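Structures follow.
Two complexes follow with chain A in common, the first pairing it with chain B and the second with chain C.
And then the complex of A and B:
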């Protein structure tokens, strides 16, 4: 398993798209800090970019990568290897190389320009989002054999988590605004890792005060270490569940 | 000989006058027979001067009932040892200068103050340092008094057990100038105080308001700095207030405002700076207020104008780096916005006259939504919300269509 993982990492690191992705993140982060000048505002810019870009690139690239590696995976099947370790190493390889891209493109400049709690949370959130969307991509790719449908599904997932989910939540809030939904909304955020990540970072910035007394439930939850730990665990669950499901599916699938 | 008597008489009269003018002075000093301030005040006659030399005096309830100058030399300390009030003035023309007053105990029955002025005129409190004195300087039903150059620092830890630094209840023509007030409940508290001036004060780190202003008309406050107060500054139920060149900054928190305008009318706000407040100006029931040439910089919400505000004029202000520029809870607009600089304005100026070619709508859709549905706060900075906001600005559907600046400026104004 380790050997295959090493091979995949080797292959990915030389991939020019991944290098471009790293460079883009690096430039954008530097750009935000140079343009905004001020710490918190720049962080918000980087946060917006991260929430939009990281899931998109990750989910598209990982789906394509699986389909491209399909023949190679079939070849590996011929060897006395467990199916679980084959897909597991593909997942690990993607996780490690994309993790490195995030650390180099986002972590390094953030830590140099604005060291502190916010940056740390932002980096962790970006890493977790990467893992989550790699898992989702593999899940979709294993599930749907057809490339076109797979890509469509992957893109739909991205649009769903970034856009549609928020729209539905807003619609729900409009319809149920007469009810005390403050607490329920807190649980609803757990259903979307992108929202959860955004709120985790926002709570570390001064923007938290903008939420006013109504955001008190949020602030209370997310500013405590227990709330932080709980949301981290939920994010971890989000990153492990799709990957685990895809492993199960891969094991019994007629390839 | 006949002419001699009138001259003698005149001379006697003149010398009597000089005697009157040259009032006696008393020196309170440790180790001399006159070593308590209480005794000196009792001995002194009208318009006399009592000098208190350096040292620590453990005295309370010094009652001044005649015109008197009480002057500290080398800043003597009067310590109440967590007991009752220190100086109580019940006469006009009193001067208190150069003391350090400290350690007055918290009482829930009585508003104990370091210096209390009761129904008096023309009292001057100058250059004192007050430390940990529940209430600092308390003026009640007094006129033409001056409080200047004092430093009043409390040690309040919660609102229940804190007093106000300068508390004026009922008065006219008061002057509060160049004081430094911190760590109290309210920095300056005005209730029923008319025609007064508040100038050059710094009020910071107070539990509640930096300046708390109620039922007070025709007052001016200028060049003050209000910083990091629990809830900023509140101006309520007042008329004809002039606010010029003040700085409101870093009042940041869930229920914190730069300035809260509630039920006030005919005011004038000019050349103030609102920087890094959760809400710069929060107006509720404010009418006929002219807000011009102010700077709103890096606030969460620059202005929150509720629907019950009418005929206010918001002219030539700078709005720079605010998350939300204007917020309201009404779909109509009864106020006038013109000639402001809005950093979020995305228009252009083809004829180069410095005025944008189409109007700017400063109300943000999301700010409006969260005002109606507080729970929607969870979508702050979400991609969906940003996209919706952009669309809404082009084709207003929910945001008040006529709340717009028809002549937005392209470049920020220089107000100096």
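And then the complex of A and C:
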């Protein structure tokens, strides 16, 4: 398993799209700090970019990568290896390569320019989102044999988590604004890792004060270490579940 | 060596393999032939455990292959189409394959040398032509000196010289108690190596006979003529 993982990492770190992605993250992070100066405003800029860009690039790239590697996976499958370890290696290879891209493109400049709790939370959120969307991509790719459908589904997942979900929540909040729904909204947030990540970072900044009543509920929850731990665990569950499901599906799949 | 027992497979409503029973032994070179979509590739893939049958079982040396991966040590597989990770080189691919099966010391580098793979070692896999990729996967199939060779349309992308090299190699292997399984629809390519012919149509085995027997039955010597004759005879019986 380690051998295949190493091989895949070796292949990925020479991939020009991944290099471009790292460079883009690096430039954007530096740019925000140059434009907005030090402090929360630059962090918020980086946060918005991360939440938009990281899931998109990760989910699309990973889906395409699986389909491109399909024939190679079959060749590996004809060796005396277990199916689990083959897909597991692919997942790990993607996780490590994209993790390195985040650390180099986002982690390094953030830590140099703005060391502290907020930056740390932002880096962790970016890493977790990366893992989550690699898992989702593999899930979609293993599930749908057809490349075009798989790509469509991957794109839909991105649009859903970044746009549609928020729209639905806003609609609900608007319609039920007469009721105390702060707590419910909190739980609904757990269903979307992108939103959860956003709130985890926002709560570390001054912007949290501007969030009104439900902001208060959020603030209370997320400023305690228990809230932070709970949301970390939920993000972890989000990164493991799709990957685990795709492994299960892969085990009985006709290739 | 490989025994296939009442195998059924359908993809949705489409029945791909319909009650297939076959028995292959060593020292046989079996030509799996049949029109496109007759189930040749699916049958090969079920033997490799890539496709899981709905019913029936396959045994390898007497042991059922369901849920097993160990038996594949003895199988060298050359797929119909190969695609490798773009940014890796040929030599990196070979060293990874060797590191995956570190405790197997048996090697067969004949094809590796004959195809001059060392010479293209530093080339990235992405820039290899279709024929070169076929050479690489043929060399990979033989690399661990397996007892069974499964070749899916091996001659499709190879140039005539490489084709001859591969055929010679197959003939040598046959003399060393190997089992060779080739699927192809280019029939004349297989004339010299085949010992048995299995004809698949619409997921069923139309016949499975030694080539010699077929030759005497039909009084023909070329494989494509033989097939045509047998099919004609069968149709007139129906």
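Keep in mind that, in the parts below, the second predicted complex is superposed on the first by the 252 of 255 C-alpha atoms of A that agree within 3 Å, B and C clash if a C-alpha of one lies under 4 Å from a C-alpha of the other, contacts with A are read in each partner's own complex, and residues count from 1 in each chain.
Heads up, the rule we're going with is that a residue touches a chain if its C-beta (ideal position, glycine included) is under 8 Å from a C-beta of that chain, and two chains touch if they have at least 3 such contacts.
Note that the structure is predicted; figures quoted are calculated from it, not measured.
Undergrad: Based on the superposition on chain A, does the combination of chain B and chain C result in a clash or a fit?
TA: On the shared chain A, the partners fit.
Undergrad: Check the residue A:255 against both partner chains and state whether it touches chain B (first), chain C (second), both, or neither.
TA: A:255: touches chain C, not chain B.
Undergrad: Is A:218 in contact with chain B, with chain C, with both, or with neither (first, second, both, neither)?
TA: first
Undergrad: Which of the two partners, first being chain B and second being chain C, lies in contact with A:100: first, second, both, or neither?
TA: After superposing on A, A:100 lies clear of both chain B and chain C.
Undergrad: Return the chain, chain B or chain C, that is in touch with more residues of chain A.
TA: Comparing touch counts on chain A for chain B and chain C gives B.
Undergrad: For A:230, select first, second, both or neither according to whether it touches chain B, chain C, the two together, or no partner.
TA: Neither partner.
Undergrad: For A:3, using the defined touch cut-off, is the partner it touches chain B, chain C, both, or neither? Pick first, second, both or neither.
TA: A:3: touches chain C, not chain B.
Undergrad: Looking at A:15, would you say it contacts chain B, chain C, both, or neither? Reply first, second, both or neither.
TA: second
Undergrad: To be precise, I mean the smallest distance between any C-alpha of chain B and any C-alpha of chain C in the superposed model; what is it in Å?
TA: The answer for the closest chain B-chain C C-alpha pair is 35 Å.
Undergrad: State the interface residues of chain B toward chain A in the complex, per the touch definition above.
TA: Listed in rising order, the residues are 252-256, 278, 298, 300-301, 321, 323, 369-370, 372-387.
Undergrad: Hey, which residues of chain A end up touching chain B in the complex?
TA: Those residues of chain A that touch chain B are 38, 41, 44, 47-48, 51-52, 162-163, 166-167, 169-170, 173-174, 177, 181-182, 185-186, 188-189, 195, 198-199, 202, 206-207, 209-216, 218-219.
Undergrad: Applying the document's contact rule, which stretches of chain A touch chain C when the two form their complex?
TA: 3-4, 7-8, 10-12, 14-15, 68-72, 74-83, 252, 254-255
Undergrad: Provide the residue numbers of chain C that touch chain A in the complex, in ascending order.
TA: Its residues touching chain A are 11, 45, 48-52, 69-73, 75, 77, 79, 81-88, 92, 96-97, 99-101, 137, 140.
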